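Please find the structures below.
The two complexes that follow have subunit A in common; it is paired with subunit B in the first and with subunit C in the second.
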Partner chain A sequence: MAKPKIAFFDFAGCEGDQLQIANLEERLLDILGHVEVVSFREVVTGHSDDYDVAFVEGSITRPEDEIRLKEIRKNAKVLVALGACAAIGGINCLKNFMAENVYREEVYGGSARWFPTYAARPLKSVVKVDAEVPGCPIDPVEFARITKELLQGRAPWIPDFPVCVECKQAGNVCRYEMGKMCLGIITRAGCKAACVTEGAHCWGCRGLVPGANLDAARIVMDRAGSDRKATQDLLRFFLGDTGAAL
Partner chain B sequence: MTTYTVYKEQLPGLFEKWSKLYALHVPARLREGFYDLVPWKKDLEIAWDYDVAYNSAKRFVMPPHEALITYDRRTCEAKPVFDAPKQILFGVHPYDVKALNQLDQIMEAGSPDQNYIRRREATVVMVFEPLTVSSSAFWASVGASSVAHGFDLYWTKIGPAAFTVEVGSVRGEELLGMNGPLLASTAGDKEGARRAKARVLAKARKNALRYNWEETPRLLAKCWDSPLWRRYSQMCLACGSCNLVCPTCYCFDIREESDDQLETGVRSREWDGCMLEGFAKVAGNHNFRPKAQDRYRHRYFRKGKYIYDKIGELGCVGCGRCVRACTAGIANPLKVFNELWEETAHEY
Partner chain C sequence: MAKTPAAKPAVKKEAAKAKKSPATPISVPAKVAGPKKVHVHYLTRVEGHGNIVVDVEADGRVSTCRWEVPEAPRFFEAMLIGRDYKDVHHIVSRICGICAIGHQLASLQATEDALNINVSEQTHILRRLALHAENLQSHLLHIAYLVLPDLMGVDSILPLATTHKDAVLKFIAARRVSNEFSRLICGRTTHPQRMTPGGFTMFPTTEQLETLRGMLTDALSNLDFAVDFFSGIMDKFPKFERPTEYIGLVSPSEYAMYWGEIGSSTDERRPVRQYRNITREYMIPTSTAKWTKNQGESYMVGALARFNLNAEHLLPKAAAAAKKLGLKKGCTNPYLITIAQLVECVHTVEDSLQLTDELLARGIRDEAPAKASIAAGRGAGAVEVPRGILFHAYEYDEHGRIFQADCVIPTNQNHGNIQKDLDALVPLLSGLSEKEMELRLSMLVRAYDPCISCSTHFIDARGLDDQKPSMVQFNYKK
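The block that comes next holds the complex of A and B.
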């Protein structure tokens, strides 16, 4: 059987997710042994439009991005969104809450009118996405597992429960019991509660967990003493494209 | 059973010896108001007056992630994985041992869970009679204030620097005697232990069910359609925290992952919980408990009726961990059972 051909693409984002994949080092060589990489500019040179699986990083922020993404979708049998920007819009969506002239002026200065942009959005707002590797940045271990599942013809799995589960597995003291805020209660797990385990709190980078109870979450945050503005800032940080952002 | 009297100055020597043979875990303060069993090291201050360990003892016998088998796709062979580190849990409270004893019964039933049983056998349990009671605990009213078995040694603090130690197993007695001959407890020491227990029981009884805990399954049988389930579950975040911190919740999910060559792999289990939305999802994406209300009610039936119907005791030992862990403030067996009791009081 011929090896499946894979390609990597990026839109608005920092390419940090592809860097995470490159960071797999020796493991990457083993995994890439099962595939033929036709395009991956952080690791190999060259490009081809003949591929089976497209890993796409970054969010869609310009009308011309849509044309390019639809082209990728047409070429690929499987399209995988890589990272928070691609999967949920991520921090690029912060600008969606600002006036267009303000953010264009801020980014492009006097040349603002040369660069048309529109509200940032995830890939799934434009094309059908077959699988997601969420997170900012992605967890390379999860990327490896999902890639292997795709190679084996299995349905790629990402957790459908909130970060609280992984915090409890890790034995962390709950941020709310320490009088702090945390978005773990509504955020999709899979990061092994990395931020909380390291002493911070959850920022929601993996997107909303399916069925997130946002009304309850707001009440919990209110009771924890967070004012409405602080809650709003936290929810807009990564979840700007979701129903969670106020 | 024999009871010995042991003095505080003997402990460092014993811990030193034990820690060479076993992974030794002792109660310590994590931060103001938070305690847990942590690996012992020299000069670690033991939190004798801890109210509740933040994490239950479940993780020592049923870890959050556990490999069950390894497989090889080339030879179509699978081998069981048994990992059972020798460990001592020093200072576990009686209600947590009661929870372990309950897990023992459930894991032995039907097809015995070999992974669990081996870990449990490799685990030395040293009970410590609590000195303080967590504000969310209610173990004295659910029959979990003492245990008759399931431990190797039972420690009770009878003075500033003295303990009585009741022997629960030969293994426990040998460990206690590792530094030389032991002093049998006097009648006065044993009376001291009885009084220590009476003192903590008086504190623990402040939070109590308004009825005899054995009525709980009959109470729940009448409450399937109670409006309470919806009222509380509206706030449910379906985060599973109440399940995962529960010392008697044992549900797990099974996952498999191949190695990077796609030749061998590991099948493992990890903690799961009935409050999670995906827990009851089966083939074809059908979910037989799709609503938070269904799941919330299920958990209380599980704790108050289904486990009782199996083994004659509540699936709740009153540790109060779920009460603390629930950010939404809706997990509270004591409150739920008492409110259901009030609701149905006119029927008695």
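The block that comes next holds the complex of A and C.
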């Protein structure tokens, strides 16, 4: 039987997710034994190359990105969004809250008009996305599991409950008990509450949990004494493309 | 980007196809077997992509090589405006997945400078360790997964796993240590969570530090092996000399990585706050990245620049490694950046062992982060990340929110120098086969380590020449 073909591509992102995959070291060699990597950051246009699974990292930020992404979609049986930038728009959406001429001038000054971009968006606002590996960065172990499930032809499972569940399991003191803010209440679990466990709080990098109650979340944050600006800051961190950000 | 010369391939037959997606650089392989293909090639760099475009005249002479950077701009400096000082380093971390720790550190220094936050000695030690962990991780990825296959004439590290099993396993083992190292100190290897203005939110335990000590000791012996291995293949590096200006942090007391003044091989020293006098940024139409220059037409940052400025401060084992590898202060061969990185790996591990011992001797304390005094102010920070000196500078308003931000990343500082190297290479290329040219050119660019293309190399194991990802494209003039 021919080995399934997988491919990797990236758009606007930091490539931290592909680094997580490289960091799998020996485990990566294991995965590579079962697949054929046909393309890594290389699109062959005007030629129908096909891959069983295409992993795509980064957000769509330019009209020309759409053309390339649609090409990838055409060639891929399964298209997977790799990381927050690809899955939910992530950190790149911070710029969507500013006027284009402002962020453009800020970075490039007088030469700004040379490089057109538009509001950053996740892959799913351009093409159909079949599965996602959430997180900023992704969890390499979760990536390995999802890849395995996809190669077995199954729809991969990702947790559909909030980070709070795993946070309790990890035995952390709730950040709200400490008078701090945290987005674990509306964020999809699967990271074992990694940031809370390391002494920080959740920024929502894995995206909204299905059925997240945003109104209730705002009330919780208000009651905890977060001012409007601080709540806005937090909700815009990774969730700028969702209904959560105000 | 739509107007880059790369979008206008000289070979006419391809022009129609190129028009369909004028935005992407098109490369036209010269001799295509079977159906004609239009390849879109990318070399991934620190936070984007780069291409080398080679113009070949009708008589076969190479007239120019251009280094182009058509990466999607991400507007980080603008995204920071109005953000609270506690979030800033977490945002800039996402500029680069490989240098995330370095970005966080330069950012924290700038914020702490602006808001008068004085951190503890323990924080400095932990941060130095964090920086070492990341530099080690990145250098090893670059040396073993990217450069070594080029030197050995193979596509990726995978075939080497059979032919040079011993060496490959030792490199992988050393890299695993570097990953675990940053996890122990920072919580996660990429976009770590523990660092915060004023200190850390979580600390390694004494047991973890002892484990780290053991791991670093093992890494040192694996690196010894790597140094021996490389000293046997030094003749495989192309001979090419082009003196340039070398810029990096300098300090009277140490091989400066974590702090110091800005030093130059041809210019006076300057405090970090005056970085703009050195980095003089400018824009060119074929590149979405900003380029820089100081005294000369271009300058180099990174491992070789640091070595050239600071070699006398290397710790003993690293100095011995440099000697064995034949690397001497004043080296002007950019291909040897890789060798300077290998020497730095040894230095990094030696210094990390000393720092770990110091922490163990002091006893690790669970301290709360130092407080900020919120008032409007400016600050700048600079650290040496794998690819060179990185600057962050911020201006805060009276609420501790960013009013203005500036980040100057090493790869952008190297663009001008890469172009000048390519210019100097042009006369040496005529007469070489396309394959040889491609190797010579891509090795040069990779020496500067424009980032995670290493994993491209690692994963692409097909060995099919015409499909191998390539960063070089040839334009044949009729």
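Criterion: the second predicted complex is superposed on the first by the 236 of 246 C-alpha atoms of A that agree within 3 Å, B and C clash if a C-alpha of one lies under 4 Å from a C-alpha of the other, contacts with A are read in each partner's own complex, and residues count from 1 in each chain.
Heads up, the rule we're going with is that a contact is a pair of C-beta atoms (placed from the backbone, for glycine too) under 8 Å apart; a residue touches a chain by one contact, two chains touch by 3 or more.
Computed from a predicted model, the values in this text were never measured in an experiment.
Partners subunit B and subunit C, once the complexes are superposed on subunit A, both fit on it without clashing.
Once chain A of one complex is fitted onto chain A of the other, the partner contacts of A:Glu36 are limited to subunit C, with no touch recorded for subunit B.
Of the two partner chains, subunit C is the only one touched by A:Ile67; subunit B is not. With subunit A as the corner point and C-alpha centres for all three chains, the angle toward subunit B and subunit C works out to 120 degrees, nearest 10.
Contacts of A:Ile185 after superposition on the shared chain: subunit B is touched, whereas subunit C is not. With both complexes superposed, C is the one of subunit B and subunit C in contact with more subunit A residues. In the superposed pair of complexes, A:Cys164 makes contact with subunit B only, with no contact to subunit C. Contacts of A:Arg27 after superposition on the shared chain: subunit B is touched, whereas subunit C is not. Contact with subunit B, but none with subunit C, is seen for A:Ala216 once the two complexes are overlaid on the shared chain.
Of the two partner chains, subunit B is the only one that A:Gln152 touches; subunit C does not reach it. Here subunit B and subunit C sit at a least CA-CA distance of 12 Å once the structures share a frame through chain A. On subunit A, the surface touched by subunit B in one complex and the surface touched by subunit C in the other have no residue in common.
Residues 30-31, 34, 36, 54-55, 59, 64-65, 234-241, 244-245, 255, 257-258, 260-262, 270-271, 273, 276-278, 292, 324-325, 327-329 of subunit B are the ones touching subunit A in the complex.
Within the complex formed with subunit B, the residues of subunit A that make contact are 27, 30-31, 33-34, 144-145, 148, 151-152, 157, 160-162, 164-165, 168-171, 173-174, 176-178, 184-186, 209-213, 216-217, 219-220, 223-224. Those residues of subunit C whose C-beta lies close enough to touch subunit A in the complex are 1-3, 17, 20-24, 35, 37-42, 44, 47, 49, 72-79, 81, 83-84, 87, 90-91, 94-98, 100, 141, 145, 158, 161, 172, 175-176, 179, 187-194, 196, 200-202, 283, 285, 288, 290, 451-452, 454-456, 458-462, 467, 469. Taken in their complex, subunit A has these residues touching subunit C: 8, 10-23, 25-26, 28-29, 32, 36-38, 40-47, 58, 61-65, 67-68, 90-92, 94-95, 98, 102-104, 106-109, 111, 114-115, 117, 136-137, 194-195, 198-200, 203, 230, 233, 237.
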